[in-house]
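The two complexes that follow have chain A in common; it is paired with chain B in the first and with chain C in the second.
The block that comes next holds the complex of A and B.
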């Protein structure tokens, strides 16, 4: 199963909203994935084991997984594009 | 104890029980219309203190939000307008609540993810607590800030009652 990590400043507010939207979209697209949340300060050790990081903040360079900008989920601007991007990254 | 009703309803809410509208999480005293300040920290302080006054967060919530805003700013330009969502890590014993402010002149926030600055016209200060209710309320805040119609309603609202009406789900 694919693993997605959602990161925001506190790991509890904006990432909760983004995680929910990502989960729903992946389900709707038949992609099985485990979606976790974290705060960005935890990312200095990288994101080992994750196939994708969706972040509403800047992510340290130590993160080796591909990173997608999660801001569109909060602003409503460009949501479709970012959803496509996420699906693309998680398809085999 | 001006906010007894709210505390009662929160205390009796269990995870999974659905919260019908965001309005219940916003104490009347935490709706600050035409707040006359151009200073971001002063704005955050007024909002957080209103939630502290209502017994939702501790007295130092304002300082925690200000510190967090410096590190991880929350200004956003959404499909509904220019806003900010200051908040801080919750502490045990604190509850979920939302304060809403409409400054008389836009207040400058740094944009989330280092994308310049945002002249926020409406600010939602969030006190977060976790659980299903939390998710539902946060999602509702995001729905509102992305909705141009309800955002212009908030910009035009004359009274806290009007604001609360716009926060209810059936206002769409």
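The block that comes next holds the complex of A and C.
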């Protein structure tokens, strides 16, 4: 099971929207993954144990997992491209 | 009619809102099953928030009162934070109207060319609901409350257009603006302050490194640890330590309860937001279809700007500063708690105005936080009344409540202050806000449109 972390300023405000869309898309593509939410200020020790971070804002340098920019989920521009990118990262 | 209104009021927001959301969701074309789920989720979010702010009031209230008696530090107004404020706002009658009214204002302003921002961040319409609800409670008039909310929207859209060029330069967001009630109003502090700083030689060049600060103070950004530490301090000051057994139990209990409240409150709001997603998506679709094209800024939550190292560094340092301010600023009675975690939002528009300079941002932030605490103190009786009116009695019995966001927001404070003068005040607000929008349009937005039309002039 893959683990995806959605990060934003509050861990709620925008990440809830992104998490909802990522969960639905992964399910539709048959990828089993656990999707968690957090806020960036909790990330200063890194994101250990996660295969992918989707962030709607900058993340600290300490994050070692690959990071995908989640901004398109909020603006609605380029959503498909980001979804493809996320799927690509999670397929072995 | 009166019987129906009083019945709805007695039902409370946790029961009434599920029905409203269910109907909205159906109107926007959701399936009946999904609409029922969305409605129930919003009720669940309300019940959860009520439980957690109840816990907050019960555990912090007595300790804060004891602290006031022991040391004369009167911080008996509990800061329940933006999660509770948003829930309170959406639970009122103005709250039920905020999204359609706010969207209508936005569409009209776009059509008139008075703004370039399309605010698709419907969740954050709670800010206009909050000021509107307070005005409605103070004046006893729903139309006045709705008018205040509509004018709040006008000002936020103009502010978003105003700060957009700075946001785009500093954060690199293309065609995104931040008409966010939490952060946008603080430009009013930052712009004049930055102009003043430019004239003070020492301040002009003084710099500090954000990454070092984030490494050293990072733990202050973890709400749970922060909550526990605050619980220990407040407990120690409140209960003393003359009876080690009883006092240690009380102090440690407060530390864990406070950590729990800081952790759980945002989770409960996530439930509320999940319920609003289908509605927000549906409405976004409708509006987007009307305003296609690239000449519109997409208005988003300033959560997208919070990750900037300078914003995080300034916010971390402002946590202890705000606690100190709470004690030393004359007239403050608010005990900053939940919204200590929201400080990044208060500073995230200020930092780009100070061009990312930490020292300036810190000084500007300190001044803004002092003003925020005093506003939150002044607004506390009204916030407590509105909270009780939507069924959050558990919290309001124990203590007075307020919040830094938006209870302490200078713009919300100004709107409520004008709102107290009823139609005269709202009339003044209408003239000022529309003039402000027009000025921003003439000074900032038109200049930019000209530059875009003639790229060689750049």
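Here is the rule we go by: the second predicted complex is superposed on the first by the 92 of 92 C-alpha atoms of A that agree within 3 Å, B and C clash if a C-alpha of one lies under 4 Å from a C-alpha of the other, contacts with A are read in each partner's own complex, and residues count from 1 in each chain.
What we mean here is this: a residue touches a chain if its C-beta (ideal position, glycine included) is under 8 Å from a C-beta of that chain, and two chains touch if they have at least 3 such contacts.
Note that the structure is predicted; figures quoted are calculated from it, not measured.
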- Return first, second, both or neither, reflecting whether A:61 touches chain B, chain C, both chains, or no partner chain. second
- Message: Quick check for you: in the superposed arrangement, does A:37 touch first (chain B), second (chain C), both or neither?
- Response: second
- Task: Give one of first, second, both or neither to describe whether A:69 is in contact with chain B, with chain C, with both, or with none.
- Result: first
- Message: Just checking: does A:13 make contact with chain B only, chain C only, both, or neither of them? Give me first, second, both or neither.
- Response: both
- Larger residue footprint on chain A, choosing between chain B and chain C, goes to C
- Query: So, A:91: does it touch chain B (first), chain C (second), both, or neither?
  - Reply: neither
- Tell me which partner A:45 touches in the superposition: chain B (first), chain C (second), both or neither. second
- Which positions of chain A sit in both the chain B and the chain C interface? 8-10, 12-14, 16-17, 20, 40, 55-58, 71, 74-77
- Query: What part of chain A is in contact with chain B in the complex they form?
  - Reply: 8-10, 12-14, 16-17, 20, 40, 55-58, 69, 71, 73-77
- Which residues of chain B touch chain A in the complex? 68, 71-72, 74, 76-80, 85, 87-90, 112-115, 126, 128, 130, 134-135, 138-139, 142, 145-146
- Interface residues, chain C side, partner chain A - complex: 83, 120-121, 123-124, 173, 176, 211, 214-215, 218, 221-222, 266-267, 269-270, 273-274, 277, 280, 284, 288, 298, 300-309, 312, 315-316, 341-342, 344-345, 348
- Contact footprint of chain C on chain A as seen in their complex: 7-17, 20, 37, 39-42, 44-45, 55-61, 71, 74-77
